[in-house]
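Each chain gets a letter, A, B, C and D, in the order it is written, and its residues are counted from 1.
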Amino acid sequence: MRFTTQLLGEIMDKLKVGVLGATGLVGQRFVSLLYKHPWFELSFLTASEKKSGVKYGEAVNWLITSELPDDVSEVKLIKNDLEDIRAYKPDIVFSALPPEVAVSIEPLLLINGIHVVSNASNMRLEHDIPLLNPEVNADHIGLVQLQRTRGWRGYLLKVPNCSTAILTLSLKPIMDILKIRNVFVTTLQAVSGAGLTGVPSMSIIDNVIPYIQNEEEKIENETLKILGSYTNGVMVKPKINVSASCTRVPVIEGHTEIVFVEFEGDVDLDVGDVRKSLREFKSNKVKGLGLPTAPEEPVVVVEALDRPQPRLDRLVNNGMAVVVGRVRVVKPLNLLKYVVVGNNLVRGAAGTGVLIAELLTHYLRRVGDFNVRS
Amino acid sequence: MRFTTQLLGEIMDKLKVGVLGATGLVGQRFVSLLYKHPWFELSFLTASEKKSGVKYGEAVNWLITSELPDDVSEVKLIKNDLEDIRAYKPDIVFSALPPEVAVSIEPLLLINGIHVVSNASNMRLEHDIPLLNPEVNADHIGLVQLQRTRGWRGYLLKVPNCSTAILTLSLKPIMDILKIRNVFVTTLQAVSGAGLTGVPSMSIIDNVIPYIQNEEEKIENETLKILGSYTNGVMVKPKINVSASCTRVPVIEGHTEIVFVEFEGDVDLDVGDVRKSLREFKSNKVKGLGLPTAPEEPVVVVEALDRPQPRLDRLVNNGMAVVVGRVRVVKPLNLLKYVVVGNNLVRGAAGTGVLIAELLTHYLRRVGDFNVRS
Amino acid sequence: MRFTTQLLGEIMDKLKVGVLGATGLVGQRFVSLLYKHPWFELSFLTASEKKSGVKYGEAVNWLITSELPDDVSEVKLIKNDLEDIRAYKPDIVFSALPPEVAVSIEPLLLINGIHVVSNASNMRLEHDIPLLNPEVNADHIGLVQLQRTRGWRGYLLKVPNCSTAILTLSLKPIMDILKIRNVFVTTLQAVSGAGLTGVPSMSIIDNVIPYIQNEEEKIENETLKILGSYTNGVMVKPKINVSASCTRVPVIEGHTEIVFVEFEGDVDLDVGDVRKSLREFKSNKVKGLGLPTAPEEPVVVVEALDRPQPRLDRLVNNGMAVVVGRVRVVKPLNLLKYVVVGNNLVRGAAGTGVLIAELLTHYLRRVGDFNVRS
Amino acid sequence: MRFTTQLLGEIMDKLKVGVLGATGLVGQRFVSLLYKHPWFELSFLTASEKKSGVKYGEAVNWLITSELPDDVSEVKLIKNDLEDIRAYKPDIVFSALPPEVAVSIEPLLLINGIHVVSNASNMRLEHDIPLLNPEVNADHIGLVQLQRTRGWRGYLLKVPNCSTAILTLSLKPIMDILKIRNVFVTTLQAVSGAGLTGVPSMSIIDNVIPYIQNEEEKIENETLKILGSYTNGVMVKPKINVSASCTRVPVIEGHTEIVFVEFEGDVDLDVGDVRKSLREFKSNKVKGLGLPTAPEEPVVVVEALDRPQPRLDRLVNNGMAVVVGRVRVVKPLNLLKYVVVGNNLVRGAAGTGVLIAELLTHYLRRVGDFNVRS
């Protein structure tokens, strides 16, 4: 008999979780999403050494509209230290650490049997690390089995790059019906993507910056991994070319992506079919699993000519949906054009991270090895 | 013997010119560029009927950094009326009218032997109307000869759409050395492109609007006309596909365009060659003609990874240059990517308009028919 | 026996209400706040004649983060016409009309026994019209009794100017403990205060506009009326001078006000006392009345040096609280300085309007004349 | 016989100058203003140790619209080190260092006979340091004579805080005709005031920050020193109270100040008189001295209701003028209200610094002790 996770939610004890790097923008989102989560109990928060011992409410520059709950505000931050963390006996930790910090602490946790859902950009492309955008490729989670050879007792699951998470969610339903050859994507990314102090106001007011370090490579590489098929333990990348050009714009939250898709040969391109496939998203891999953070509609299609817009659409389905608009085809060119907006901090980071952890919980229950804490 | 225009500037009387629609953003730029112009004498300014009789300084919401000169400020506006305009005996008028107004007044002026350099979007694609971005296609001016059949005694020359003027100036030096198949361009356009009140602040602060009415069609069609070759009175469009996706961003002035160029077949793509061709722009069609507004370098190539940026680069060469950066190639895809920034009001409108009028002056002198006023 | 409104909420039928001018920014807020309101049933929405008959969802440029409910979206707009409105037999209408429209339709409704809660700026200062910021001056509602001489069968209640609503809520608790002589206030107002298209982006990006038409007069006059005392049918204005200087800043929502308060003579100025009085706000006139929209804490005092900030504090208590910070005193000058932020569309318009209607409902119940519909 | 500085400009060799902290925003302005200065020859630029040896053009993030001249771009940066600086034998150095760096290097230069014009905020209030806004208090330069007791052979002259420079220039002509009691000023300061990275975009887009560290104290104290009278070696502060409340707004350049001025007793307040005094500014202390950077009109009065605005007025008179508007009086309150905009980097920093150095040059010539280099 297979457990439904719905049932799971009712019968199991909550899993203990913590957030690494809890004061940054992504860390704050993790805290916000994990607070009163039905499956997870938020037990500890980490920060850099100089903030350790300080109350979260004093250390954080809380930028989320919903207020920081008082009890979380009182939590004392701990260091990114194995022993300090182990003291809380967590089942899963969420990492919002920068890659240069993640690279040392995450493996220690894994060796010690703690699962890690990590937003850090390192290791995303390694062959045995699932890079998960659950609706698109939940089945890739099976890659964790390959991690045994690393000597880890916990699993490492990576959250995709923000722009890539948004892009792949919009590409998957198109791939389901049409053979894509090339994807040319221009991103207009919000300043929150660079963290609390990443983009000085002197750089971006009344301006556009047409460059984001390493971002184009991430989109080009991660998209292929996420859209790859995983069968019998073998990953096969799709024969698609992805080329990106990334810009920063004066927007607080919400990435906008302008997408040109060229299809193979004799495709019968119909804009209605594309819209329908986006709307229905039949290949949604977490549908029916009962994951609490999975939005009913992960892809929302809008008809208004001037939508989607980041300020107006970044909170659709609590920031877990991507909103697609301006879907149009140019038949003679075998070309599809559209615009997609997604919340870079939720769908592009913490929200997808929490969804991955829910998927992991379901996976562990199903495969019967959820014995980490014992 | 051929006159050099340098000489021309010295010996001839200044031509009398006026600006139609002088209070709008493009009109203001025309006024600013024509004030103390070496070849042209600014004689009158028009506005809508309700402002006629009002002093320019009182009617205009002057948004140009350099101050409105006192003598221009005192000029009384006249209506867009043939008789009122004829009273000034202009040689050339510059039109910054909206197309729905331009469509009635411009032909009247032409019939009456007044040359019109028009920024209005109507008629740009008609076969006998030169759509000029002078460095790119100054030779298309010969199309005016076909206008005789319209019963006009003046010539009509059209200024391209702002995004198109910027795009074509960057594409021409590439076309000079490589065979282009497809151009996919995403524009990030400044709010000034929509005029003084076109974009409400409620729509654009902390936001992107992924749609500008008719803009994509203009770019797609006008680019092909401008890049066409004109030989023996025959226009031939290049076999290039152009597809655009346009957005509005919270920038005051300066359009940014993200360009993907796919080349034909077995091209030997070298990024150094492309940069060199952009820098040298050997096919520049107005080089050496001595047109006062022609920039020494109409295409400036920058190396800094994070440039061009509209706030920092919109005034390069007084706004008459386009600034190209992030030039990079993806060999396996036969793909070139770059970013170009140009001043939408100068290079994209009034500056190119004045340059066209200078070209016209040169043309008339050369072909010996500058007898309009006699 | 006196009804508690809590009880009222349970036993009474919902009152029928409508919104005049429902497509504008304030109208949208009314719709949002009245949807599923416990006491009111939203029955109709009006708009200008050319939108009448159009579905609300098609006519409105919905700019509120929470989604427009489907059933409201389907409502067909009606005209601002007495007969069209009477057909719905409303008890109360909320008016978000511009004053030049309000001036003709509102009196017709009043004559016909419909109560009007109006955000329009006309008539706010007339002696028999309550200008209500309920926590501050709910008792002024008694002024409606004077309206009988106008031949109206409904009551007219006015919502204060947005900046004034925010200012008076912060001044009242100070007045409760200290004798104010002068108030010098500088406002930094959000663009939404000017409506959907009131402030062009060309005017405000990278800029401040130090002028808002009629705004300073409204603040200076309305503040005195709201802070006046009303005893035995007599209104007495406080002996306070208010002087304002208003600016527009590039902020979407949330007005910031910088306040200097000079006190009379030998005041014993203690910053702790001021903070305490603000926090406790003992004179809150609607405390305990059970009005659904009344915030638990209408005045929130923050300690962080860099707060309040409009983007971060405009949704505190659903936008119904004002947030006060930087409270400091300069003893030798008998001077108090502070900063207050409030949501101009909620606390400064629609939210206060709904609260006024709740107060009216309570008032009618209490005085026993709620017989309008019969 | 007294030299006129006009003459001085012709006969003397240029003085050798350098800029300390040349890569920051104020440093860039110094470089821009000193390039091709008629009296000064820019000889060296310093930066922090890690940039020393690097070419200026590579080390600087040049944010000034006019292009960085090629020859300056090639200059190699030196350290903030006495010996390195002395090697250039400068007459005057301009310091754009942060106070914590200025405090160690500036005295060393002074001991070694190098004059220092410093924008660093330390020591501004010391009794023997002239804090100069030349048009207002050029005569305070005599305070340098008191510096002899410090063992310095060079003179130290301080540039005022940016907001204070702008404020005092607008207050002086008012003081000339009316007895001021209180000044209540609210500032809306541009992000450039905090340097290149001082204000993160996450903090200020769609927002206002109502706090700038130490800024209010600087305005309150420095204003009194600058407006003080200096007679027979004695400084007397005016009996004026100044109280400030400072905010940061999303503006790149140009501070806006909203000023309330209360006058003493039985003043005859006439708005025309105030405007006239501002316009004429008869007490301008550098008028006729021929200082190259002194603007013809340091105070510009505008009549348009919605001016001054930072984006439109920050470059008036090359950024050296302050622009005053909305001048209005409230007779019963003995109150004057106005708005003043000034360029924080030019008038509020580097421009005033260069003007101070010109004044110093004039002073040295006149008093006959310009023997530093000999």
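Everything that follows uses one rule, which is that a contact is a pair of C-beta atoms (placed from the backbone, for glycine too) under 8 Å apart; a residue touches a chain by one contact, two chains touch by 3 or more.
Worth saying up front: this structure is predicted, and the values here are computed from it rather than measured.
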The chain pair with the larger count of contacting C-beta pairs, comparing A-D against B-D, is A-D
Outermost chain relative to chain C, judged by CA means, is B
Here the gap between chain B and chain D, centre to centre from mean Cα coordinates and rounded to Å, is 41
Whole-Å distance, C-alpha centre of chain A to that of chain B, is 44
Chain A and chain D have mean C-alpha positions lying a whole-number Å distance apart equal to 50
Within chain C, the set of residues that touch 2 or more other chains is 63, 205-206, 250-252, 311-312
The chain C residues in contact with chain B across the complex are 25, 63, 191-192, 195-206, 250-252
In the complex, chain B touches chain D at residues 63, 65, 67, 205-206, 252, 311-312, 315-316
Chain D residues touching chain C in their complex are 182, 184, 186, 188, 205-211, 241, 243, 245, 247, 249-252, 256, 258, 260, 305-312, 325-326, 330, 332-333, 335, 337, 339
